[in-house]
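As written, the chains take the letters A, B, C and D, and residue 1 is the first residue of each chain.
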Amino acid sequence: MALRSIVLGTLVFLLVAAMAPTLPVWLVSLATIALANALVVLGLIILWRAGLVPFGQALFYAVGAYSVALMTRYTGLRDVLVLIAVAAALSCLTAFLAGFLLARYREIFFAMLSLAMSMILYGVLVKTEALGSTDGFGVEQPTYLGYAPQGRMHLLMLFWLVLAFCAGSALLVSLYFRSVAGALAVPVRDSEIRLEFLGISVSRLIHLNLVIAGTLAGIGGALAALSIEHVDPNMAYWTTSGGFVFVTVLAGAGSVAAAFVGSLVFELLKSIAYDILPGTWQIFLGSALLLTILFLPEGIGSLFARLRRRRQRQSMSATP
Amino acid sequence: MSAILLVRDLEKTFGSLVAVHDINVAVPPLQTVGIIGANGAGKTTFVNMITGHLRPSKGAILFEGRDITGRPSREITRLGIARSFQVPQVFASLTVFENMCIATAIAHAAGGLLAQAVTPLHSPDTVTEAEAALELFRIASYRQALAATLPQGVRKLLDIAMAVAGAPRVLLLDEPTSGISIEEKFELMDVVMAALKNRRITVLFVEHDMDIVERYADRVLAFYDGAVIADGAPIATLENPRIQELISGPKLNVAAAGSRHA
Amino acid sequence: MRHQIRGHAHSPTLLLAAGLSFGLPLMAAGGAQAEEPAPVKIGFVTFLTGPAAAPFGIPDHNAAEILVEALNAGTVPAPYHQVGLGGARIDPKFIDETGSAADVVTQFRNLVERDHVDVVVGYVSSGNCLAIAPVAEELKELTVLDICGTTRVFEEKPRHYVFRVNPHATMDNVAAAKYVQNKFKDITVYSGINQNYAWGQDSWRDFRLTMKDLDPKATVDKELFPKLFAGEYGAEISTLLTSDAQFIHSSFYDGDLEAFMYQAAARGLPQRIPFVLTAGETSLYRLGPKLADGAIIGARGPHSFFAHDSALNTWFQKVYFDRFHEQPVYPSYDFAQSLFGLKTAWEKAQAKKGGSRPTTEEVIAAFEGISFPTPSTTVQMALGNGHQGISDMAIGTYKFNKAQNKPEIVDIVRYPAECVNPPVGVDSIAWLEGGMKGAKCD
Amino acid sequence: MLTAFAIVTDGLVYAAYLFLVAVGLTLIFGVMKLLNVTHGSFYAFGAYGAAIAVGVYFDRGFPAAGGFLLMVLVAMAIGLVLGLIIERGLLRLVYGKDEVVVVLVTYAAFLILEDVIQLIWGANSYALYQPLGATGTVDVGALVLSGYDIGLVAFAGLLAVAASFALKHTRWGRLLTVVIFDREIAAAFGINVSLVYTITFVIGAMLGALGGAAMAPKIAVTLGIGVEVIVLAFAVVAIGGMGSVEGAFLGALIVGECRAAAVHLVPQIELFVIYAVMALVLVLRPQGLFTRAQPRKI
């Protein structure tokens, strides 16, 4: 079963990677941003399984994005792997520190405290005129192990990079979900007391999940910064966090794949909305969200689940 | 022989209110102790302090000679003292099997959280052990049922089974038969006690039904107003009229009457 | 396959644009089958929703609507009487600028790579302009930035495909500082209140630097940066009431400006200390008598009240008023300048090519360094290797004409372009810090 | 000295503003455990409604007092209509779902209403300037206070007292307190919880609209005013303690004074002083200032 989905995932990954050059350019760049954001959503799914919904995940997203941007602006560092490694490390550290406070909170208080933290970063960034305040500043194009692609190739390389990170994270996270610690997310929501009396430190467990989610958000931010080639304080604003939660609900906490599909669907929806309803695209988005919640309460991910169940039923009936 | 659990001058106060005081108990290994007393007599407070849910205001708790006073419950659990709950604490949105797997997997996963983050949940031996535990507690038939949907008796059994998964030496049962119809009570206790004997576990159980106590306890601790007013063999203690009306008042007779007819 | 996507993306666009701009694209589409040249597809990006729509997006969009319509009908006065761009009709596609930098960049890419627009004109937010510029270079798309004022677009990097006809924000505050010099004799102390984001911070910085140059002894008393769209300014107003400044500088606009002014007026602040409102012009018609006489008003260029009168301006104000029953404000003028700049370059390139449709590179070559008349003034593409326009600047003092019940600007002072803009090759901050060397002011 | 006085008064005015926008939110949260993002829309609709209706009223030259009454009436009407639509038409369908899902539903409704506002009233901003003029000013040394602000503070104070009195001493209030304490028990007592929900939500909506109407004279009523308010209100409510009217009052007071002090003394931090306070309070008192942590029964 686990093996099956891994094989399946690898196939999809290779297929998409191979198709990329044949896809229209606008779609590739749209997918690049969508998948970068999907990493943040993946982190939110980890937290949501444990009943935690941060309204300030943009904090780590912005930390990742600004680390990359600052490195390309003030240091000679250009290699994409170095940039992302550092960004990941910094956002991981941020999440680790923030975790000491956040891990003690649940429900709405958790949401509000994380919101407060991200808004403080936002305030600081807006105040830093050296970094262009709200205008933000540009991100230099990275090199890939010394190779500096141009034009279309640059776009494709970035897409493949993002795709690779998504594949890697998807694999690791689904393995994590199958581990003991990963399996404890739902129990945290059901009964923290029982966990404590089984010998688990719930706050440490949540701290771990926060660090994982924060690091994913940081990598997402770093990749987003590279594909937008611009960063600004809005990346830390609460509406950005809200957007990620939006996509998480759209995707549903059901499966890892949901994060990526959900994020792609969301970006496409938005792009269509902008295109056909420039003046009233929010109505479009809002309605889309409502319909998802009403008719796909478990999110887009639940579609896979249904398919899987159907497949199982068929295989059962096939072998009586 | 030396006590596996030793409680010295234990006291718990909430502000000005004294919940329990001057508790001195020594429990030898493999004994089964029934704890009785009217509501608010301090039974659960006592259990909560031993299992680390409450920090004693005064006194000491020794487990296998080691002082565990005021340690957090997860440490105490790791040391070998487990507990079940009056309101069963199971993972409602998971199946019985998953509940059991998680309990056993945690018991197995050595090292810290990071180690647990890389050990798979469904390793062969955790699964077999979980299956075994479900058999032992006679709830294997509910294997795939969601914990939320279980009848009270089964939920209680699952709660206890999960507590036992960590192979504790001492187990505290907080009102294992509360909310269970009189007919089922004995059934349930038979299963539980058989299982615990099989695992060679020292048991302390809080109970209101004196027949249960009489049937399963080797020894009775009677709580009244935060203190232990009697500590001895079941029959002797329970027959004592003063104890009877101090502890249980009319409740005993009703319950007893009910069960005698049964 | 891409064709399908494009078609799919496009047909609803026409419907929408029809709704948005009174059936004009239908005409364009209708005209498309005729043997006349294929239309020039232009993507117009501005704030159609959100708080920035009222002050910038809507005037911007309104101007686009009437100008595209008039250009396609060939009813614009000389020198812009030729239909569309060099005879080719303009096929507009409007996109909302609201959203994150990621959204804005994605929409830009969609315009270029999915809808294959020939030119993109627009962007109000300086942040978005900075985000778009490198993408435009990467996609080799001719892009005319519209209202954004940041100097960084062309000072951080030379651009090839990006132009900005409208002068950057430096001259607003240089002119304002020069104006207060002869308005108030011997200034010793002044205060400032600006929105806490890049535009507000930059405006205040430029103004202070210029004041240092012109009047070193003048000191700053209060320096306030309320949050953007803060809504409630009680504390700021008290602070300013307790300030002994001779005037208060502010780059507030529209919503914040009006909210601030209502609250300030209610507490007698404007009566006590006059304001210098570098972007005040957008709100004059709404504020009317609620804005105390004597406020110093700028319009980010010699627009509307400050416009030189010309046939073009009279025409522009008329068609605008007839359609929307209000006077065009500076964002409308900014758009007109952007479009007329593009048109001039396009037609110059086309003429050079003997009347056949120019390529992007040819338009760019023609665009660099040209100068052309606009409804309000004349723009010279002088800075950023001929990619950044400059024009003269005007500032005046507010006065509400009770008789005719309409706002007026009196004591207008004009400053030549070279007087309030840095010379070629000098960054504006360096220029201000260096004492504005090379300014030609007479 | 004057500065100190200014800080206190400015803080009070800002606190009044915050309380007006937060009280409805905290009420709804307290009773329905629902973090209502639509609150921002209620605020915006209230502001637009008042700006237009009251503007017309004043232009006709009717007496000022009636204008203020009308302001309140408009707000209540809007709250009634919107509240009913949202609660009956939308929230009904999602009660019992995951808390955050319900929050997202209100967020979706908020997105839609943002555009509805633009469809109804267009993108241009409206101004309701007459009331400020009608209420005059009070001079305190160099400081000039607006009569309207003083009225606002008084109004907010009254509202706070009235609300907490109503909750404690009226039959309805006691019903609410029961529901707040425990939904199941309330239902067991035969309280019609669903009706309580509807009425609470409508009252909350009215309070939100009232906040907008009360602020309309001071601001330019324009697109996006709702967004700003939501997160402010959240902060105040989180600081005061979710679901407590006294908490909202105290929270508003703290935030108001801190912000005023920041503006006067250290303007640089004004932008995030609110969130700093919020983080601080949550760290020191996880449950906020006014709700006490419920003991977990095992």
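Simple rule for what comes next: contacts are C-beta pairs under 8 Å (C-beta built on N, C-alpha and C of every residue); 3 or more make two chains touch, one makes a residue touch a chain.
These numbers come from a predicted model, not from an experiment.
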item	value
Maximum centroid distance from subunit B, chain identifier (CA atoms)	C
Chain ID, smallest distance between chain and overall C-alpha centroids	A
Inter-chain centre distance, subunit A versus subunit B - centres from mean C-alpha coordinates, in Å	44
Centroid spacing, where centroids are CA-atom means, of subunit A and subunit D in whole angstrom	33
Distance from the mean Cα position of subunit D to that of subunit B, given in whole angstrom	49
Separation of mean Cα positions, subunit C and subunit B [Å, integer]	76
Junction residues of subunit B, two or more chains touched	85, 89
Two or more partner chains touched - positions in subunit C	48-49, 196
Subunit A, residues touching no fewer than two other chains	126-127, 193, 279-282
Subunit A residues touching subunit C - in the complex, by the definition given at the top	24-27, 29-30, 33, 37, 126-127, 129, 132-138, 151, 154, 224, 228-232, 234-235, 240, 243, 267, 270-271, 274-282
Subunit D contact footprint on subunit C (complex, rising order)	48-51, 53-54, 57-58, 196, 223-227, 229-232, 234-236, 238-239, 241-242, 254-259, 262-263, 265-269, 286, 290
Subunit D - residues contacting subunit A, complex	29, 35, 90, 93-94, 97, 99-101, 104-105, 107-112, 114-116, 118-119, 227, 231, 234-235, 238, 242, 268-269, 271-272, 275-276, 278-279, 282-283, 286-288, 296, 298
Interfacial residue positions of subunit A with respect to subunit D in the complex	48, 53, 101, 104-105, 107-109, 111-113, 115-117, 119-120, 122-124, 126-127, 193, 238-239, 242, 245-246, 249, 279-283, 285-287, 289-290, 293-294, 297
Interfacial residue positions of subunit D with respect to subunit C in the complex	2-3, 6-7, 9-11, 13-14, 17, 114-115, 118, 123-125, 127, 129, 132-133, 135, 137, 142-146, 148-149, 215, 217-220, 222-225, 228, 259-260, 263-264, 267-268, 270-271
